[in-house]
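Some structures are shown below for you to check.
Look for chain A in each of the two complexes below; its partner is chain B in the first and chain C in the second.
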Partner chain A sequence: MNKRSGYIFAAVTIIPGFLLVALFLIYPMLQMIYQSLFNVSSLLGSPSFAGLDNYKSLLGDENFIIAFKNTIFLTLLIPVAVPFISLVLSVLVTQTKLREKALYRVLFFFPSVLPMVSVGILWQFIYHPTIGVINSALNSLGLGNIAFAWLGDERFAMWAVVITIIWQAAGYLMVMDIAGIDRIPIELYESATLDGAGALRKFAAVTVPFLWEVVRMTIVFAIGIATNVGFILTAVMTAGGPGLSTTVLLQYMFTQAFQNSNFGYAMSIAVVVLLISFVISLISNKLTNREIIEY
Partner chain B sequence: MMNHFTVNRSKVSERMAAIAARVVLIAISCTVVFPLLWNLTTSLKTNTEIMTSPWSLPQVLQFENYIRAFSKARMADYFLNSVFVVALSMALLLILVVPAAYSLTRLNLERLSKIITNIYIACLFLQVNVLLVSIFILMSKLNMVDNRVGLSIALVATNIPFNTFFLAGFMKTISKEYEYAAMIDGCSHFSILTKIIIPLSAPAITTVSILSFFSFFNEYILTLVVISSDSKKTLPVGLANLYEVQRYATDWGALFAALIIMLVPVLVVYLFGQNSLTRGMGVGGLKG
Partner chain C sequence: MKKNLARALSVLCASVMLLTVISGCSTAKTDNSGTATGDSSTAAEAGTTAAATSTSGDTGKKEFANKTLDFYMFEGGYGKAAEEAIVAKFEETYGVKVNMVSSPKIGEILRPKMISGMTPDVIMMNLNDSSGIVQALVKEKSILELTPMLDEKALDSDSTIRDTFLSGFLDCSFAVPYGDGKTYLLPLLYSPQGLIYNKDYFDKKGLQAPKTWDDFFALGEAAKKDGRALFTYQGIYPSYLEIMLYPSIASANGIEGYKKYVNYEEGSFKNDAVRQVLTNFQEISTKGYLLKGTTAMNHTQAQTAMMQGKALFIPCGSWMEGEMKDAPREDGFKFAMCPAPTLTAEGEQYASVALDTVLIPKAAKNPELATEFLKFLVTQESQKTFAEKASGIEPIEGTLDLCKSIISESLYNFYAMFNGDVLPLVDSLKALPDGCKVVTNDEIWVKPTSKVMNGQMTVDQWMEDVEKAFSQIREDFCKSGTTVRIILTGLVKERLPSPILLQGSG
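Right, the complex of A and B next:
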């Protein structure tokens, strides 16, 4: 078998997939940046060059500012809250030698494979003021005075969505953590036990340092979750409301593009979303940078 | 004596910790399971029962809710469309990704392989949701809108980087000795791929298949934008549509039944695949 047949085989197998990626991911990204500099108001008409006008309009657009703040809120909160919860769960599941630990892993992971549309609709009903379980429980406990319309109240709507995001996503990151914990040499825990370390001490001195690279990865994943799950769940559960209280940038982009046909403006919003994820990833990378422990 | 005492004490506190952990884990399990069980019981209640108390159990099991979900809401059409899009997408993805991962890892293409892998890693950060508008414009120009095959091709394309990266990570760990023996026997790349690499990569290919099943079956936003005919909608888009209609018509029973209909395929695949999924997922293929 010669080198040439290897090259031909490589070309036949790699090129088709690569062309699809170039066409449906790389080209749209470049187009998005390029066309955000134009006024594109229809799919067929010729767009007129607008320079940075779209971006300047963003700064003066109050709705954009609100959506921007909501997006920043989620992109800061979710990558802190979800990886932390997942880490605690993974330690509870792995370190306590419970017989049923495999069952917890299966159960907690399950919400992350559910369709986000189903999750959104289901939780919309859980929060429902009349037929929902939460308010019905509060009423029967005599706490009717705090039985709010959770998704219909500007003060609580975003937090209600955040709880649903955690419900959906924590198990996924937990499984990443568990895979990392399983690779920590068991001798480390044994010698920590011999040294008289308690559970908390083992968590701080063995688990966290050795798992750090995995934790950093879960934080990067959580930034993606904040952007994507945040968008779909708010779209399904509240459609961005009440008012604009749960409108994230992708929701605003969606409205601008598919309801107002402001495609160029929508793409400048998408560029901002890309930048936010990128900048927050960089910041989290800097903040979490520790010396890597090899084992 | 002293030593004995401390060992005992740490045993006791360990047992206490295990009990506390179990209580916490059971409580969390309840918050995971309860919404799904509530969905199931509610799907079998009459609308009056649903309105009266969300906690009560159905007096008589209302299977008519499921019949109404199918008859009123074209759930059968949505279901078939989902089956079509998911099956086509999974087949296309595996045909594109498995041989490519083989070429990238087993053919000694050091530089080329590095460049393509790095491009694919960078692509992991490009999300369909963010590129939605420009992908939609591209697909309109290519006449791919309102077309299930077109949708499928776009979905496959956006899933190629992760899955190639994942499979390549696994295939890198396979020993080269099997291939050398096969090459001496004069086997072609194609037969090395099909007879040696694919069987040895079966666990990773299974993980990729299951992950991509969920990714294709659950896809919502691109389908929502690209598919406009009601007859071509998939389950998530059809369900969101039904939800918009039924929340005003207040046929809650049918809506909860539709939610369960959508969960069944996910649950079945999950029960069969969860083991290779949670084991294989690890750290996105880094572990192999």
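Right, the complex of A and C next:
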């Protein structure tokens, strides 16, 4: 009896959330996959069925290949770099004897509360070829010959964006790590200290294994960051240039949809982004699948 | 009891949730059916339009059966004050109601509306509109032809509307998107584009705006001595270079050669004239005339640098004065504009113009009133209103002098560039065929520019790549079954009376 009303209660609480997810996430996603099979290049006209033609065109589209490589680069690099850096930061602000720990927490987290576009503009000025902080510093150190136009040079533009993504996202994941670290019993560290373990050893033998579930979660988050934040920041900072050196798939999707009105084709690009995220999540899940330590 | 109550409550909650969702859908449906009924009644009215649209003897103004007009406009640099004033006047004159919607994101507002069948009567858009609405409408041939209206008399003069327009505007590829001589989009406001320079600095140093590339480079030497660069551009948005290179190419190749280019014809980008212009362009960088770091700058950064006196010229439009009104600048800075340099001293000078256009969708519910509204937009009174409230100038004979006392001195100077021998260059690349996946902006500007400027790519490679993209576009034109305009290069010297049309085989 009680059980049945429990089910109903569960249903009532779950259904609204499920409906919202279905309406705003699952339905658009299915629509996206469906539309990618059509030549929807118009506003009002009826779309014609294209089968897999859009996907075939992708293979012969060298701009797509470039954007694909750039996206893969980000989705491989960011989910490794950002969770690692945020893990290190979280340990630094929880386990060291730094006096200004509280201040650093705020400082590291601060970029996450800034609007993304502001972050892009801010860093655009940091990298500014003549009045930017970086080049001004290099010039005053007499290193003017390596004061490049960071965002205007194909060799550096993507790396400049990567640094910005890390700066923007690391603090956010750091907070998750801190929450995890706070749950690790203090006795473990105490006994490790008694056993003569140094800071590094404690990090490797206690923190990382106990935090593993949280780290895995931050990796999945970082995959999302690589695709989404990567798009926003490149759109603001470089507009995908110079050349196509920082064009990511979402940027290319946007161009095809809203500059060329090729909505069907754009949807097929979106499907590829979905696949990339999915496959990389699977890979990261496989690679990080360890026995969970319960405590 | 308790169980029943809980069950009743939860069922109630669930049904409320469900109802909300369903009623959400049904509201939309009611709206649609409402519009649908509206449609059929409009259709019925349209049937009697001839009788309904009568000229009332007293006022000389036409009466319209359907008295509402939906007017959607892009709210950009010009604002919306001028349109508001004109709409109010129009409503008063004709006793009609205009529903005016304006937004900087009007494309995003329009798209869902048009998909669900709620098509406005008049759309006013900037042609650089990134939402793709105009491009999509052109692609779908969903725009009402305006040619008959152009041959009618203007509301406040005895000449036809066509005759009042400045030459070159009504037959540009924007206005005549299918190349068949029929006008679909009415260019309403134009703003000149060219090389912006600081008149104050030029006057002080006794420098003259350049005519040829040689003059241009000579200024580069003068600038170097003064610690300035000759040129900068909006690095991460290299398509601003259109403003400089298209007129220069049109001058080098002749307007017919340029028209071949906007029609993606073979060899229209790979020829000696274009090579010469692009080589000169590359030399801006290789000879050290380019402002350092240009390729990394966005439009605001580059334009600010120019205004602070770091570079002599930047390609931009007359909107720059308003856009940069809060930007720091060197003392005494005065805006002025000159056309792009020509190869020879005898070469014709062109300057490109940006257009704001109005159009009537085919699916408009009140095309009669919409047509009248378009005519109303180009009366002398409306011209003055645009000049006064938006600093906008219509491409109509005499407008500039009519409005001279209303607009600022620098704005007048921008437009006065056309008073000399400078011709307006209105044409821009033709709308792409259905299903074409070439991003022209990427192929022509984004991919090559920074490489060419950094010396990592040759001009010949640039021309080769663009030709490759053009040949893909021509192939897509054939596939899509759209008619392709073929001009027999070399054989036909004179402008053909009518373009030779080739029906696509696909």
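Here, the second predicted complex is superposed on the first by the 271 of 295 C-alpha atoms of A that agree within 3 Å, B and C clash if a C-alpha of one lies under 4 Å from a C-alpha of the other, contacts with A are read in each partner's own complex, and residues count from 1 in each chain.
The rule is short, and it goes like this: contacts are C-beta pairs under 8 Å (C-beta built on N, C-alpha and C of every residue); 3 or more make two chains touch, one makes a residue touch a chain.
Keep in mind that what you see is a predicted model, and the values were worked out from it rather than measured.
Applying the stated contact rule after C-alpha superposition, one finds that A:T207 touches neither chain B nor chain C.
Of the two partners chain B and chain C, more chain A residues are in touch with B. In the superposition on chain A, contact of A:T71 is made with neither chain B nor chain C.
When the shared chain is aligned, chain B and chain C each come close enough to touch A:S5. Looking at the shared chain after the overlay, A:M217 reaches chain B, while chain C stays out of its contact range. Contacts of A:S268 after superposition: neither chain B nor chain C is touched.
Once the two complexes are overlaid on the shared chain, A:F258 sits against chain B and chain C alike.
Contacts of A:T130 after superposition on the shared chain: both chain B and chain C are touched.
After overlaying the two complexes on the shared chain, residue contacts for A:T234 are found with neither chain B nor chain C. Within the superposed three-chain model, A:Q168 lies out of touch with both chain B and chain C [touch as defined at top]. Applying the stated touch rule to the two superposed structures, the overlap between the chain B and chain C interfaces on chain A comprises residues 1, 5, 9, 12, 16, 23, 43, 130, 257-258. Contacts from chain A toward chain C in the complex involve residues 1, 4-5, 8-9, 11-12, 15-16, 19, 23, 39, 41-45, 57, 61, 63, 124, 127-130, 149-154, 237-244, 255-262, 265. Those residues of chain C that touch chain A in the shared complex are 3, 6-7, 10-11, 13-14, 17, 21, 111, 114-115, 130-133, 135-137, 139-140, 142, 235-238, 292-298, 301, 305, 310, 363, 432, 434-439, 441-442, 446-451, 454, 456.
Within the complex formed with chain B, the residues of chain A that make contact are 1, 5-6, 9-10, 12-14, 16-18, 20-21, 23-29, 31-32, 35, 43, 89, 92-93, 95-98, 104-111, 113-118, 121-123, 125-126, 130-133, 136-137, 140, 167, 171, 175-176, 178-180, 183, 196, 198-199, 214, 217, 224, 227-228, 231-232, 235-236, 250, 253-254, 257-258, 263, 266-267, 270, 273-274, 277-278, 281. Touching chain A in their complex are the following residues of chain B: 6, 10, 13-14, 17-18, 21-22, 24-25, 28-29, 31-33, 35-36, 38-39, 42, 50-51, 53-55, 96-97, 99-100, 102-104, 107-109, 112, 116, 119-120, 123, 125-127, 129-138, 140-141, 153-154, 156-158, 160-161, 164, 183, 186-190, 214, 217-218, 220-221, 225, 235-237, 239-240, 243, 252, 255-256, 259, 262-263, 266, 270, 274, 277-279, 281-284, 287.
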